[in-house]
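The structures considered in this document are given below.
The same subunit A turns up in both complexes below, where it pairs with subunit B and then with subunit C.
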Partner chain A sequence: MAVQSPARPAAVVAPPPAPRRRRSPVTWARRGGLTNLLFLLPLLVVFGVFSWAPIAQSVVMSFQRTNLVGPVHFVGLDNFAQVLGDPLLWTAVGNTLWFAALALVFGYPIPLVAAVLISEVRARRGLFSALAYLPVVVPPVVAVLLWKFFYDASPSGVFNTVLGWVGLGPWQWLQDPGSAMPALVLEATWAAAGGTVIIYLAALAGVSAEQYEAAEIDGAGIWRKIWHVTLPRLRGVLLVTFILQIIGTAQVFLEPFLFTGGGPANSTMTVLLLIYDYAFGSSLGGDYGAATALSIMLAAVLAVLSALYLRVTKSWSAT
Partner chain B sequence: MKRGLISPSERATPAIRRTLRAVQALLLGGLLLTGLGPMLWLAKAAITPTQDTLRAPLTIFPTGVDLANLVTAWTRVEIDKYFLNTVVLAAGSWLVQLVVATTAGYALAVLRPRYGPLVTAVVLGTLFVPAIVLLVPLYLTVVRTGMINTFWAVWLPAGASAFNVVLVQRFFANLPREVLEAARVDGAGPVRVFWSVVLPLSRPILGVVSVFAVVASWKDFLWPLLVLPDPAVQPLSVRLPALQRYVELDVFLAALAISSVIPVALFLVFQRLFLQSGALEGAVKG
Partner chain C sequence: MKSYRSTLAAALVLPLLMTACGSSPDDELNADGKVVLTVAMDAGLESKAIEAFNARVAQFEQANPDIDVKPQEYTWTAATFTAQLAGGTAPDVLTVPFTDGRGLIERKQIADISSRVAALPYTSGLNPTVAKAGQSADGKQWAVPIAAYGQALHYNRTLFTQAGLDPDKPPTTWAEVRSAAKQITDRTGQAGYAQMTQGNTGGWILTTLDYAFGGRTEKIDGDKAEATVDTPEMTEVLTTLRAMRWDDNSMGANFLYDWAGINQDFAAGRIGMYVSGGGNYGNLLTQNGLKPADYGVAALPLADKPDAGVLGGGTLAVVSSNAGERGRDAAVKWIDFYYMGKLTNQDAAVADAKTLSETKQPVGVPALPVVDRATYDKQQEWVKQYVNVPLTQMKPYTDRMFDQPLVTEPTKSTQEVYKILDTTVQKLLTDRGADVAALLKAADADAQSTIGRG
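Right, the complex of A and B next:
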């Protein structure tokens, strides 16, 4: 063992600042410096041009007024003031929160229950998880357009036909300001739940048989085992999916864009849709300043959530 | 077999066994209905005349079968062209992502230059920045560089995935050092070690990254919508919503069905890989 180890400590412990003079570019290249750089080049170029520079530019643009044609002005916090003063923003924030809340109500308990049940299946468990995951692989645009047809408001619409069997409906689904958002969330939940089920299944596989056996020796029945063993062991994952879901729902775009375009009566206008409308919604040229200002504010909120997420996963993987 | 929540003795209890069986049958029914149901309905609707689909959408056996829908969608609506665009977009994004992630992963995890940690930190930092922040400036970059309406506008930004880099870097860092050392002793240079040792050893993680890349590209909508305004280069995801306005319903549903075939087929073939990657998504992102 001792023979193989020298490579690692050398790299982990920073080499002492040897009394070296300026290394010439030639020695640098000969020692592999050039190779290192060449291997990093794709990353540096792609991230530089398509990630780091745009991020920096986004911050700058949020303080500018620009429409690509006229000259660029620095306007201080005007863009932020303009966005915060837009009554539509508060509608959009409210709707996004409403979407997130509904998504939690629909989408949080169902995958958990499904995963616990699937993990107890003995024969053909693969079939169960594959069925649960299938909606995730359907292209989202196809899913939304398909569901849009299902939501057809006429009595012979797919969902209204089903409602008709039990003597309900026809409902207006997407045309009614009250039901449009829940309809969107229902589709979004259908599309995403399988992914969460798979995450829970992986976590459930990590609960050891000994823990259940220990609980049984103490006389615990199935429900007590779920409550005292399963759920506590899933706590970390549950928190992770919770935060991931909030971060995801804060950026919902596809559903409102394709289902309703924000309507009816702005009842499905979300923050991301508003950003899109600021930048690309008008044929007269985009208000890029307002769009970037709003995306920076959204990013700040999400960064806090991401930091929280990172903290949770760190402490969770440490235990 | 490894036991789970319910102990063998509990399984032997008739009451529990019966309940369990009933619950599982219910679960299977529910999953069939929600998971497979919409897809089966779409498959049926794709070969059903419009009138049947509109009048009685839930009839299992429609009065007529109209296979011509698929042909019309494929040829006259030019789904073949958009399909090809989608495939080309996915293939290019996959290649760019793989090149960036593997070279960077190799440099950062194996070669480890002095400034490596700094690069890692800056890459990791972008994980915190939601994609929406990039939208406007990235769009302007694409406009300025003349990449609009070219596939490069989709391929290159796809490579800037911090998630991929982190995933690959972690995998490379856990490769057995002795193997790499042995290759080096045998006289293999860094490029040779990368190509003949590291990459072949990394098939599992490359599979995961590939699945993520292809699936994400197939799903992508907003970005191609912005940078590919010319219908001739648009992928299915962007074209389908526009088609809805001027194509008859049965043909439109046929087009939807065709668009889902490849991802669903890929999933059925690479099921294990998909489910593994899906689980990774929750566990590794932090």
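Right, the complex of A and C next:
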């Protein structure tokens, strides 16, 4: 667009924009501004009260020492320094990265493979989609309680019984610092995969049949069709689900909280669980300042990460 | 555009301002002008227990027509307590452990009801060691001690019998605990001995065992406190536990128990022995469906050392700082009626025991006295005819509970140090290669820095 054609007829050149007139509140109201605002108001109030107010309050609280009942003291950056000096923070960061890595290795490709397979089958596609989505319908706490039975480390536990049939086990599952985190990822993948499968299936529906037919005529088998037709068409969606997964795994809380409470010996202590512990670990007025300071740092890191990711992948995501 | 922006800004800021506004505590009144008092009722009670509680509420309302009592399910947990208190969702009258009393009072997180408590006839007769847990530095009684306990060894008589052990002769030394645990696991396949490890209970029980072996986890000298986690006694505790876990394999397969979880598994017959408060029978029966015939409780085995003692604690009734003046009056009346009356007044004790026994709730669960021993003995006499718990199965504990030296819980950063010890015991029980000396060295340093900060 940098080079203008000199042959362009003058008549086509757009006229210069008219100077913007400043609208008075009366004109704004007459043109329906009030009605718009009225419709917008419930949303703004709900957002204000339930989203923005807590965010603003937590930013303020990260510079304070308070037990929410007694007087509040401003402590500057002390809370941030305290959090950064806590050796448990680095354990939690390490564990969260480990969870994220495991979730990416197992949790990211499995829904994709499942979606491609479901889209390939001709009969009972609806049934398979429903089965894939079923775990999402189970309330998360119920799912965790269910999996606690599966993970029972005694020989009579569900998984250990099954392993016993083929002469394996009993495995320790959640009771061993080495296997606790993979066990959490397995349940988290099972619980969350259904939602992603549905997103992929919807995206796959948008791939036109002609492209597959053309590929078939060119002699492509199923793998080449997936590699050259399906995946390029899904690229945009894949990039979005990737960053959503990163953000989701960085904020993992439910599984370690309900399964292990961060144990055994802090092996499943994640950043969000640490925030929770700062705030609620002590019965005598938790360290809300440290908890909010770490929350703000986590939010900042995730925001920077997302921005970088979007910038780096901008050119890839054009489909 | 500008007007849009300012409108938008106003819409965003206004709710912030609205939420920032607070208010001083006012009494909540119902339509009839009665003061509304929310009172704690144990969470997860079975229907008969709720019935018993509601019957007591009705009796109270009849005697106090200007008070409207609303029971609210509440169980103290370290994690939710302050948030409930700060958020105003805790009941007006609630219970907290002894360890939190002083801290809550110092931080003024609870209401000062000391002048009202002083007016109660039995306040001067409270057991002085126990009363101290609810007093401010200047000796005012801000919180009322309502129950006291000493730790005990709970055991499953049925599993003992199945394992070929005599249920009337429970272990009296830790060596006997170890051999009984091994025998139970070998013969029944269940955990011989299990231990809490999560939600600060790991530290609570580890400290109990340390006391039983003659150790202490902190040394107080005036205002100075020193963590003494890394000691020969604690080393002995961890070495014993490690042998039971890794050599005998007699500690079952769950090493992430909290109080509720271990009670549940014990009541279900999956645990041979565990350590918890001597009065646990009530919870096991009313919330976990324990079969009374299974139950046995023994005095905690103590090492043959002069400092060996039983960790003791208890429960304080406190009033939320959200309660107004009339609410505080009503709250103290409720504490007097529901918690203290049954300990100090014959009519109240009989009425309480009668209601409980009619609704098939436990009466006569062993507890240490919060009032003086004479009043305690009288109270036991008053309710004798309603006692419905298997007293003979509790004899190994009740015969010795007054003779064992009682040691109070650590006082500095108690819950924080318990949390550090949670990690220690979890590591010991889940990592075969864990080095006891290194674990204790790390825990000691962490505890010291926590106590220093607190």
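We take it that the second predicted complex is superposed on the first by the 263 of 319 C-alpha atoms of A that agree within 3 Å, B and C clash if a C-alpha of one lies under 4 Å from a C-alpha of the other, contacts with A are read in each partner's own complex, and residues count from 1 in each chain.
Here, contacts are C-beta pairs under 8 Å (C-beta built on N, C-alpha and C of every residue); 3 or more make two chains touch, one makes a residue touch a chain.
The shown structure was predicted, so the numbers you read here are calculated from the model rather than taken from an experiment.
Trainee: Touch test for A:232: subunit B only (first), subunit C only (second), both, or neither?
Mentor: Once the two structures are laid over each other on A, A:232 reaches no partner at all.
Trainee: Using the touch definition from the top, say if A:153 reaches subunit B (first), subunit C (second), both or neither.
Mentor: second
Trainee: Tell me the contact category for A:76 with respect to subunit B and subunit C: first, second, both or neither.
Mentor: Neither partner.
Trainee: With the two structures laid over each other on chain A, which partner does A:222 touch: subunit B (first), subunit C (second), both, or neither?
Mentor: first
Trainee: Could you tell me if A:49 is touching subunit B, subunit C, both of them or neither one (first, second, both, neither)?
Mentor: Touch partners of A:49: subunit B and subunit C.
Trainee: Let me test your reading of the model: by the given contact rule, A:28 touches which partner, first (subunit B), second (subunit C), both or neither?
Mentor: After superposing on A, A:28 lies in contact with subunit C but is clear of subunit B.
Trainee: Taking the superposition on A as described, I'd like to know which of subunit B and subunit C A:266 touches: first, second, both or neither.
Mentor: So A:266 only meets subunit C here.
Trainee: Looking at subunit A, does subunit C or subunit B touch more of its residues?
Mentor: On the superposition, B touches more of the residues of subunit A.
Trainee: Touching A:280, do we find subunit B (first), subunit C (second), both, or neither?
Mentor: Both subunit B and subunit C are touched by A:280.
Trainee: Pick one for A:174: touches subunit B only (first), subunit C only (second), both, or neither.
Mentor: The answer is second: A:174 touches subunit C but not subunit B.
Trainee: Please identify the positions on subunit A that touch both subunit B and subunit C, taking each partner from its own complex.
Mentor: Common to the two interfaces on subunit A: residues 33, 37, 40-41, 44, 47, 49, 52-53, 57, 68, 157, 276, 279-280, 286.
Trainee: Using the touch definition from the top, list the residues of subunit A that touch subunit B in their complex.
Mentor: Touching subunit B: residues 4, 7-8, 11, 32-33, 35-37, 39-44, 46-47, 49-55, 57-58, 61, 68, 114, 116-122, 126-143, 145-147, 149-150, 156-158, 161-162, 190, 194-196, 198-199, 201-204, 207, 209, 212-213, 216, 222, 225-226, 229-230, 237, 240-241, 244, 247, 251, 253-254, 257-258, 272, 275-276, 279-280, 286, 288, 291-292, 295-296, 298-299, 302-303, 306-307, 309-310, 312-314, 317 of subunit A.
Trainee: Mind pulling up the subunit A residues that touch subunit C in the complex?
Mentor: Residue positions touching the partner: 23, 25, 28, 33, 37, 40-41, 44-45, 47-49, 52-53, 56-57, 67-70, 152-154, 157, 170, 172, 174-177, 260-261, 263-266, 276-277, 279-286.
Trainee: Would you pull the subunit B residues touching subunit A in the complex into a rising list?
Mentor: Subunit B reaches subunit A through residues 1-7, 10, 16, 20, 23-24, 27-28, 31-32, 34-36, 38-39, 41-42, 54-58, 96, 99-100, 103-104, 106-108, 111-113, 119, 122-123, 126-141, 143, 156-157, 159-160, 162, 165, 177-178, 181, 189-191, 194, 215, 218-219, 221-222, 226, 236-238, 240-241, 244, 249, 253, 256, 259-260, 263-264, 266-268, 271, 274-275, 278-279, 281-283, 285-286.
Trainee: Can you name the residues of subunit C that touch subunit A in the complex?
Mentor: Contact set of subunit C toward subunit A: 3-4, 7-8, 11-16, 18-19, 76-83, 85-87, 96-97, 100, 103-104, 107-109, 197-199, 252-256, 258, 321, 415-416, 419, 422-423, 426-427, 429-431.
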